[in-house]
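Before any comments, here is the structure.
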Amino acid sequence: MISALSMIAGISTAAPLPVAAINWHSVFFLLFAAIACGFAVAVVAAENVVRMAFYLVLSLGATAGLFFLAGAEFVGAMQLMIYVGGTLVLLVFGVMLTAQAPLVAIKGSGRDRVLAGFVGVALLAVLLQSAFSVKPWRAAAAGMVAEPAATPIGMSLVGVRVDDPAGGAPATNKRPGYMLPFEIVSIHLLVVLVGAAYLARAKRRKTPRAIEVAASVEPPASVAEHASIGRERQRSGSVLAGGRS
Amino acid sequence: MNSVVASAVPLFGLFTEPVSVAHYLVVGAILFVSGVACMALKRNALGVLMGIELVLNGANVNFVAFASPYLQGEGSRSLGLDGQVFALFVILLAAAEAAVALAITLNFYNNHATVDVDRADDLKG
Amino acid sequence: MAQMLDDDPRIIEFDVRTDEMLVNMGPQHPSTHGVLRLVLRTDGEVVSEVEPHIGYLHRCAEKIGENLTHRQWIPYTDRMDYLAAMNMNLGWALAVEKLMKYQVSEKARHLRVLITELNRIASHLVGMGAYGLDLGTFSPFLYAFREREKILDLFEEACGARLTYSYITVGGLTADLPAGWLAKCEAFLEQFEPIIKEYHALLTTNAIFVKRTANIGVMSRELAIEYGCSGPVLRGSGVDQDMRRDGEAIYTAMYDGYAFEVAVMKNGHYPRDHDYPAVPADAVLGDCWHRFFVRMLEVVQSMDLVRQAMDRYSACKGPLGEPLKLTEKMPAGDAYLETECPKGQMGFYLVSDGSAIPWRVRARSSSFSNLAVAHELCRGCLIADVPAIVGSLDIVMGEIDR
Amino acid sequence: MAEFLINTVGLPDWLAWTVTAMVAAALILNVIAGGALVFIWAERKIAGRIQDRLGPTRTGGKFGWLQSLADGIKLLAKEDLMPDGADGMLFRLAPYVSFCASFCAFIALPFAFDFVGQRMNVGVFFVIAVLGLEVFGVILAGYASASKWSLFGAMREAAQVVSYEVPLGMCVVVPVMLAGSMDLVTIAEKQAGWLTNWYLFHDPFTFVIFWVYVTCAVASVNRAPFDLAEAESELVAGFHTEYSGLRWSYFFMAEYGSMFLVSALAALLFLGGWNGPVPVASLLGLSEGTGDTAGYFVRLLGMANLLGKATLGVLIMMWIRWTLPRLRIDQVMMTCLKYCTPIAAAMFLGAMLWQVALPGGLVPALRRPAGEIREGWLPGPGGAFALPSADAGKVAKVNP
């Protein structure tokens, strides 16, 4: 799937064909849209949290393909690298650390699912209605290839707008560069990551409650036969929650 | 030649018709709705987190759709570069948000040995 | 590092606390030497407790010893520490000779020193190569075995076997050296000299090797003595003890007149009998690096001993002398003797009721006590350190399980 | 090619384009498959030579060159086991995710002037991004194998690859800054000519950053001293312990694929891509444009040049693997955070200042009289904010 992603998409942006024949841009749009929406729904439907994470990876990968198709190459690559390559790896780490046997597949009750389905469909209807009410925009002239957006984006982040004003807006008004938000986001990221690191590695003083919980769970006397430990833990859920089960 | 298909979108017809911004908006809407449903449905804290990621991506698709050089708005102005830069900032902040959310989830897991959202009922953390 | 947990028990520093896992390393694990099973209690990467399980290679050698005469039991001693079978044979033979107060000929004594020191070189080569394997590099293992093959060829010529020789027996040796053997042995020592520097370059002074071994599994003198460790493991912690010098009369008599220094760090430096690389800055006395380094020094030291033994052996004329008869009667009583084997002090104890068949046989294994200290050293280390520490103890399961 | 299929062969238009796409994909796949075959044999031979032994000699011909084929057949014939506790779907999918990520990065890799799957304006960025996706295959394999050891291996490798992406990204930015564009073809073209035009020798900072790049590349591909994931002495075989047969060979191909990719990237970014140390083509008066066959010959020469450099890089990785012991996981992380990242950042700063101080490079700068104000220092049209000249034409005037 990923291999189809940009290789074919790239070809489509390179040399679009006369409209009468197959419009490759639309074909790949349909392909990636189908993957993205299909796996997004699969995320909702899946029970096992690890499978949900995997479906999410596929869905966001397909969204990156959509960005490439829409001419935003830099954002597509950014999505692949930061979002799928960074954030989702972090998410999968979280899943791995907490995916103990009983927690992996928590079933939602039937009533919730029906309710959520109903609300979802209603919200979807509203959104689709508004999507189609948008006045039909002029599709791209055949054979037009957008010039690369990487340098204009880079320059705009430094505050110098070099891209030509789009959509017939009057060229006179000065469009703002993104120097300030760029600096704010970088500081924000720094603060957030330091905070997250601190939260995850906090030095814990063994609270009395934790001592009592640990005491209630009979520690395996000596390092007994490994298999028996495994079976006994299966029955009583995870060792830590022993006190409660 | 560029008559965009009216409300009903015959998918098989689309192979020869150019894509319009409405199609991108549909994809954005579906991602957004599945994100909201996921947040509502999942009892696992990480499931809720994945719902948030989907919602953010739905928004990103719309941003990029309006900013796409291939789809120039007749009636209203296309976003031009701003749309792409906004999408960039959404991606960056989503990374930060995921980091903090995961730190909180793992800490919750440390203290309560479970990430089941329904178990998080007592305020004393 | 995670080595020293806080002294205040109430404060526990931990990352995101995952569930404590019981993890099984072995018995068919590629890095434990032979069939040793280590059960690790780990929290994430940090190992909180190690418990070795042994007995997978137990063959009741001692019980069988009660039905065989002293010379018939020699092949069983071969299979205890199969990497240094000559030293094992010597240990048992000397114990029986001590009980019978029998004195072998001087020529046999020098030949015994020659052969056992050669076997020590071969054993340390295996130790060095296997330790490289534990830390992830494959090439030194093959360089070590290339040299060991040459020593095994020499043994093959002397006694016919390459691993379980039964060459040294009660009352002397089964056969004298063939003609031209000494010249071949001299040729081997000649070409082996520069290769030692290769090993130092490959491992001892290799930056990553030092990073993986220096200050890891540090064992204090008291701990080493308390657990009864011996050999390079003991000398690696700075305890100056070597049975070849401090042993019993019958054993040290073999080595009198030989010039050799015990390879131990005395007041800050090792004996300067040859040029060896300097001790790295962050290597603490008693860590894995020092145990490894002591073995490398002993290889060079044994080469000197082999040369001296060759000169003395060729100096004394006359026949080698026949070993005792198979069913030679032993006087009633018991005897215990410890000899300096490559892995440590290997002790043999036998009780005789006057017949040729001992009433009770017992072997004290050096690797057994060396391994016992492993759970002390591995507490609080990382998982990748466990094979590094267990590898530095250079244990052989055959000797532990007997 | 598509036009050829449509006009002469008369295929329907959509089939023609699909066939063209498939041919391009097959060519790239063969680069990896062929590369993997050669490298399997080369690894055994080099390992042998380093360990003072011969390596394979009898399988097929004198130098055992059929050894890779023998391995391939063995892997095909081997039964694809799956542990019972394993999560079926993820266990089966993991190797393909890993291989796809490695294969996908080759799309943006140019072999000669226009021998490239898809010439992307964000080429370098795309390759680094997709390289980071390979970690998913590893994590899924580790989790799906339902064994503690595989999970350890997977977590270690994921942590290592994710953390080494930071210094790798920084090292890659320097050549991009020097060339002014992320397009791999432009970067390689800017290093045409003699050896001295390579970015490696552009200034001392890029020289140091090349070696930091090599370290990070070796670490992010999990080779040599950093191969924690399949540390046989601790974790048996890390995340792919439970794999056997064809599935295991996909992980193997993914590893060799990304090894080749990383060294090809090094060649492109720092060692002048397809421009050899000696510009043979320009010396003979040929260039891409001159004539059909001559142009084709120049491109082939360029491709051979790039493949040579990439293979050299892979051989060096193998050489390192068989000499150095393995680092511990915290030492690997420590080298990344304490050494690679700060050095990469400092060198990046240095390279930037060098570029501002001596825009034309060292030699022309030395010839200029010292006292004169550098044209690059003045803000304004030609000043520091000027666009790299190549793109100036296409983009509108800088509004003040």
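Letters A, B, C and D mark the chains as written, and numbering starts fresh at 1 in each.
We adopt the following convention: a contact is a pair of C-beta atoms (placed from the backbone, for glycine too) under 8 Å apart; a residue touches a chain by one contact, two chains touch by 3 or more.
The shown structure was predicted, so the numbers you read here are calculated from the model rather than taken from an experiment.
Colleague: Farthest chain from subunit B, going by the mean of C-alpha atoms per chain?
Modeller: The most remote chain is C.
Colleague: Name the chain pair with more contacting C-beta pairs, choosing from A-D and C-D.
Modeller: A-D
Colleague: Taking each chain's centre as the mean of its CA atoms, how far is subunit A from subunit D in angstrom?
Modeller: Going by mean C-alpha positions, subunit A sits 26 Å from subunit D.
Colleague: Determine the centre-to-centre distance between subunit C and subunit D, using the mean Cα coordinates as centres, and give it in whole Å.
Modeller: Comparing mean C-alpha positions, subunit D is 47 Å from subunit C.
Colleague: As a quick test, compute the distance in whole Å between the mean CA positions of subunit A and subunit B.
Modeller: Centre separation, subunit A to subunit B: 8 Å.
Colleague: Give, as an integer number of Å, the spacing between the C-alpha centres of subunit C and subunit A.
Modeller: 58
Colleague: Can you list the residues of subunit C that touch 2 or more other chains?
Modeller: Each of 16-17 in subunit C touches at least two other chains.
Colleague: Going by the touch rule set out above, which residues of subunit A reach two or more other chains?
Modeller: Within subunit A, the residues that touch at least two other chains are 21-22, 74, 78, 86, 88, 93, 97, 149, 152, 161, 163, 200, 204, 238, 240.
Colleague: Multi-chain contacts in subunit B: which residues touch at least two other chains?
Modeller: In subunit B, residues 106-107, 109-110 touch at least two other chains, as defined above.
Colleague: So in the complex, which bits of subunit A are touching subunit D?
Modeller: By the definition above, subunit A touches subunit D via 1-3, 5-8, 10-11, 14, 17, 21-22, 24, 48, 50-51, 54, 57, 61, 73-74, 76-78, 80-81, 84-86, 88-89, 92-93, 96, 99, 147-152, 155, 158, 160-164, 174.
Colleague: Per the contact definition, I'd like the list of subunit C residues that touch subunit D in the complex.
Modeller: 21, 23, 29-31, 45, 132-139, 142-143, 146, 202-203, 206, 208-209, 211-212, 382-387
Colleague: Give every residue of subunit B touching subunit A within the complex, in rising order.
Modeller: Contacts found on subunit B: 1-4, 7, 11, 14-38, 40-44, 46-47, 49-50, 53-54, 57, 60-61, 64-65, 67-85, 87-89, 91-100, 102-107, 109-110, 113-116.
Colleague: Spell out the residues on subunit A that touch subunit B in their complex, using ranges where they run on.
Modeller: 19-23, 25-27, 29-30, 33, 36-37, 40-41, 43-44, 49, 52-53, 56, 59-60, 63, 66-67, 70-72, 74-75, 78-79, 82-83, 86-88, 90-91, 93-95, 97-98, 103, 106, 108, 112-113, 116-117, 119-120, 123-124, 127-128, 130-132, 134-140, 144, 146, 149, 152-153, 156-157, 161, 163, 165-169, 175, 178, 181, 185, 188-189, 192-193, 195-197, 199-200, 202, 204, 238, 240-241
Colleague: Can you list the residues on subunit D that touch subunit A in the complex?
Modeller: Result: residues 13-14, 17, 20-21, 24-25, 87, 89-90, 93, 97, 100-101, 103-104, 107-108, 117-122, 125-126, 128-130, 132-133, 135-136, 139-140, 143, 151, 154-155, 158-159, 162, 165, 181-183, 385, 387, 391, 394-396, 398-399 of subunit D touch subunit A.
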